[in-house]
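Next come two complexes built around subunit A: one with subunit B, the other with subunit C.
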Partner chain A sequence: MASVVLLRGDQSTSRRGRLSRQQRKRLREGYLFISPVLLGLVLWVFGPMFLSLYYSFTSYNVLQAPKWIGLANYRQLFNDPVFLHSFKITLLYAAVSVPGSLVIGLGIALLLNRPGKAIRLYRTVFYIPAVIPIVAGAELWTTMLSGSQYGVVNYILLQLGVVSNPIPFFNSPATAFWSLLILVFWGSAGGSMIIWLAALQSVPRDLLEASEVDGAGVLRRLWSVVVPLITPTIFFNLVLGMITALQTFATNFVISGGDTGAPLGALDFANIFIYRQAFGNFEMGYASAAAWVMFAVILVLTLLVFRTSRRWVFYVGTSR
Partner chain B sequence: MDSHYHSRRAVPSSLVALAAISAFSIAPAPAWASSTRNSNLVEPKDASAQLVLWQSSSDGAPAYVSTFEKAYPNIKVKVVNSATATNDASMVSAAAAHKLPDLTRSADVDTYYFASHGVFMNLSPYMKAYGYKQSDFIKGIMALGQYNGNQYVVPRGFDEAVVAYNPSVLAMFHQPIPKEGWTWAQFQKEACAINGQKVGGKTYYGVGTNLPYTSYILYDPFMVSTGGGALNAAGTKATFDSPASLKGLTELANFSRSCTAWMDNLPKSVDPFDSGRAAFDIVVPDQVLTWPNAKGTAWSTVNFKVNIVNFPLLSPHPADGAGMIGFAATIDAKNPKAAAAFEMWMLSKQGEAAAAKAEGWIPLRLDLTKGNEWAAKYSFTKSTYHYSFNAGAFDSYTQDIVTPPAKLELGSDGTAYTAIANAWTAVQLKKESVKQAFTAATNAINNWLATQG
Partner chain C sequence: MSVGVQPVAAGAYEEAAVERVRGRSARGTRPLRARRWSKGWRYVLLSLLSVLFLFPFYWIVNTALQTPRESVSLPLTWWPKVPQLGNITAPYSLMPFAAMLEHSAIIVAAATFGAVGSAAVCAYGFGRLQFWGRDFWFMVVLTTLMLPYIVTFIPIYIIMKDIGWLDTLWPLIVPAWFGGGPFNIFLIRQFMRTIPIEIEEAARVDGASTFRVFRSVMLPLLKPVLWVAAWYQAFASWGDLLGPLVYLTPEHTWTYTEGLYEFGATTTQNYLIPYEMSLALIAMVPVLIAFFMVQGRLIEGVNLNSGIR
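After this line comes the complex of A and B, so read on.
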């Protein structure tokens, strides 16, 4: 960045095609200062990325030299019912969890977007799940939602007579996916709530008051005034939430007790599949191919959201 | 064995093997070796070397390493902590970088992978040079450290299924205390009689099923007992779906449904044995060893006295499952003879005694497996633990143990493990019959095996 600034500042010199000794020295210094970041980026980000791209075209188990097999890994992936299942449920998870988290986070923020001492306490309480480590949260919820009669939630429901048999929660493929969503909404609502609150507090009060004078009710004001003004935040939360959802790993790993995606593959999301191939079967080539497929999917979806954002994201002070 | 990694070192390995077969060394065999046979593979005690051993921090390695260093004063062993959860990944990375430690712990499920890729040193020539015979040790346990008929891992701590019982629950339901030599039919009768009964609003179970059903320690003996097995004789295809295997698996599933907490106690749930609501639990000795808590009553979540009894004999073919964790010397060992000396010392009477004292590990040597000797001397028998170590029960272990083919790598991850886990879950949830579930698992495993070359 330093070098960019430097060059912009010295455009007249650049046009002449020459840099003075002093300018060259400053340029070198600039590069020197950013070299640790550049080096780190090349070594630890781009290097592994491109290596994994290469490995995706190979049969590679780490202990033997990679063997070039062309597109065989990709062909196998698209004919692998286990991967296709993982891919499908990962997309389903993103499709349900992202809007769900947005709505719940916004809902809580709307409730807490008012002054008062108690409100501060509530905000803190709602934010606590966001600072609890993912693994701890997952362990907590596997105890809460234990499928046996001894699980906290089941015990209460049984005692109250709400259910006659324990709900299997994470133990049945029919309920595991939806039980996971409970955990996810609990964990993500607090984090997004803070961002929603910041957005809500930036909505000009005069606009809200003017609409109220014009006879707009609460819902009308929310839909026609608040929501358009917070679309940049919706956009931000949507993109980040989507990327996070498509990369979900740790929660499922803890709940399934490893890389099986148990029960019956209900939590066998794409990253669990990739991990199992890489560190269970030591098939790094196959795992790399799956990782690149997921990378491409995330990239395309993100670009799509960016593309459509021109139509629905409104930035104050800009015209369409 | 044709791997790139191995072939890079094929010449020295071959020389080592050749030397082992042909040579008798002038170096004296250690006093603890069970034979006077010499070889130039036997490390003399005055030889100097520095070894690095990767081991779990919770292991008692410093204690038995110290005893080894007294036996070999010039060989120093540096114990480096390697977390269990990441040990495999660390090993693979180190192997790729040719920076493996001299010695490492290795689980049974790792043997095939690392031995077949040339990461582990073949210890068979050293065993021969040191005068050990396979028949000196528990055959089934030693097999867990073998690949292609050669020993790559020296087993140390091994896990064999045993049955823990709660005398109070048995008394409550007027069931007799089990005795050694009891049969599966007796076990089944007692467990089923108790299972599902309610006293004071609480449900009691026959067996708590602490041992996960995905553990081959449990299901492998059932398949073997009915004439089946995990792989075909050629080791090329999974055979969980063969009629004989399905018979054993069905027997286990039926028992589980009728006599255990399995159906009410799905995976990732609590074990009713821990809270005193089950008469029996199928556990492994390793769990037994970690039972004592600070109060010295039993293990951390149990506040009653328990006892253990040998796994009941399965009719008509007595069999028992086992797993192990042991030590391997790696192909990157800077001094292979010194590394092998440590491995061979672990097989000696002195090594077994030191390990038993430090860890409570049950001996592997047949001449030391008569339980009473160990029951009287070592840590797992302490009376303060408030359970009786059924030393006699362990005497019959030697011939009963069956172990699955290492090729399936039935550890805690990977395709084979996942397929078995899914099969049991499908049966447990009554979504599929045993036949349907294990046919699907067999197909999944075979599809994976087909990609392995």
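After this line comes the complex of A and C, so read on.
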């Protein structure tokens, strides 16, 4: 791959005149240095993408060769209530969890945005949950959020008289989705807080002082001075957060105790669905089609955010 | 939550501004009492939040050290009468956790070494060398960040199966050696931009080859960001569930994370919860130690990362 590009590079420039020996050396060395990732792109990205697209038009159970069935997988997907349900709740999850952890992270960052030793300690405290391995964290929270009175959260709520019966948490489809958000916010607030803090520190002090002298109130300053200045951060977090949220897998897998999406499919997110089709039912073609639908959704949403970003993201020092 | 937080939080700006403006404007002479009040509330809120965030850590230690009986009796035990340190090794007689730890260690070490090394090499190519097509390929690499892993996961599984790598550690190590992922390359390249190019030019004038300059001049300077990249890769490899789940089927080939998951999923009896929690606790310990070692750099790294435009 690298050598093909190198040749073409040589040709296109030689039309304008011969490459000097040094230029040629540069080209060789440059591609030598980036060859690991170029090889990786072929082996682990574009090659598999091509294969996966092909599988998505076939019926393929790994044991027998793939059989071409055209668009049948896609047609079946859009008539599969389980698939439609899992896509719906995955989108809902992204729509709630991404802004949710951004807002919580911002709240904590605003509380912490002052110099001082104690603040550094607090910052570590809020960040630690973000570095807990997902499986360990999910098992800990399923224990704490047990639906019986033996779960510590229920126990405390019962003792305080906040509830009269234990909350079922992950035992009931009505509460499982929202219970998931508890541990997700616990784990993700710290990461977004760190990024917010960095952004807040980049807000020039004199702007805040000037607006205060002009009589702007506290909320007004937050909304009209701070927020516009950190829109690039909001934008960046929104895009990455969305892509990550749509691909949630391990947390739900651990809570459900497998690829069932239990209770009653309440945690059956897109990637759980795809995993079940691929490695539970060995429907590689069907799973690949679902994966491509997922890819299309991510692509469209990302482009949408990029599109609208022109209207609400401001870069300091550029005329855009 | 945000509703309760923001008004007080916004006070941060008020205070900071007041401090700076004091002496210059009339509002600078604001009564001290008001500032103390706001400062007090800030700490009350922060402390309450800290308790919420830290409670799970107390609870995992508390549960991990209980006897099976204590863990299923009411009222709940707030601290075990006799902390059961034996719980840490007891699960090892139920599943081969020692072998799983070994597999995880091999994967983490090999994948991290490969990812960091190859990411540094590629980042140098993208960040410092000048050649035709460089920026195009860099954009291609960055764009793959958007690709959901599940799209390539199925064909890669079939490739690994075809070359006979199922139930071996290779599928969990080898892909990391190809640049270590777009994020690590980006991270290292960003850091490189803060290093003045004159240092390399001096070495070049002395006749060093490009590779020599990279090895002897650039690599030592990159150390801080390489630790950050190592942390990210090690964290991902150690905590990975999907990969081991698919590639390592027989029990004796599992990684620690996979064993932890299977232990939790298959032992539904409540009295085994202390064992499960002690296993989960052990999964957290190396990560926390590593985190405290790279903490300062990690936050710097994220700082760079937020500078993306």
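As a convention for this text, the second predicted complex is superposed on the first by the 296 of 320 C-alpha atoms of A that agree within 3 Å, B and C clash if a C-alpha of one lies under 4 Å from a C-alpha of the other, contacts with A are read in each partner's own complex, and residues count from 1 in each chain.
Assume contacts are C-beta pairs under 8 Å (C-beta built on N, C-alpha and C of every residue); 3 or more make two chains touch, one makes a residue touch a chain.
Treat the numbers as computed from the prediction; the structure is a model and nothing was measured.
Look at subunit A after the overlay: subunit B and subunit C clash there.
Shared-chain residue A:Phe279: touches subunit B and subunit C both.
Counting the residues of subunit A touched by each of subunit B and subunit C gives the higher count for C. In the overlay built on the shared chain, the residue A:Leu158 is in contact with neither subunit B nor subunit C. Residue contacts after overlaying the shared chain place A:Ile182 against neither subunit B nor subunit C. Look at A:Gln64: by the touch rule set out above, it reaches subunit B but stays clear of subunit C.
Of the two partner chains, subunit C is the only one touched by A:Val213; subunit B is not.
By the document's definition of touching, both partners, subunit B and subunit C, reach A:Gly257. Legend: residue contacts after superposition of the two complexes on their common chain; A:Gln149 is shown touching both subunit B and subunit C. In the superposition on chain A, subunit A positions 62, 142, 149-150, 257-258, 279 are in contact with subunit B in one complex as well as with subunit C in the other. If you check the complex, the residues on subunit C that touch subunit A are 1-2, 5-18, 20-21, 25, 27, 42-43, 45-46, 49-50, 53-54, 56-57, 59-60, 63, 71-72, 74-76, 118, 121-122, 124-126, 129-134, 137, 140-141, 144-159, 161, 175, 177-179, 185, 210, 214, 235, 238-239, 241-242, 245-246, 257, 260-261, 264-265, 270, 273, 276-277, 280-281, 283-284, 287-288, 291, 295, 299, 302-303, 305-306, 308-309. On the side of subunit A, the complex with subunit C involves touching residues 5, 9, 12-13, 26-27, 29-34, 36-41, 43-45, 47-49, 51-52, 55, 62, 103-104, 106-108, 110-114, 118, 122, 124-126, 128-129, 131-137, 139-144, 149-150, 152, 155, 186, 189, 191, 194-195, 198-199, 205, 208-209, 212-213, 218-219, 221-222, 226, 232-233, 236, 243, 246-247, 249-250, 253-254, 257-258, 271, 274-275, 278-279, 284, 287-288, 291-292, 294-295, 298-299, 302, 315. Of all the residues in subunit A, the ones that touch subunit B in their complex are 61-65, 76, 82, 142, 146-151, 168, 170-173, 255, 257-265, 276, 279-283.
Of all residues in subunit B, only 3-5, 88-89, 92-93, 95-96, 113, 117-119, 203, 264-270, 412-415, 417-418, 421-422, 425-426, 429, 431, 444, 448, 451 touch subunit A in the complex they form.
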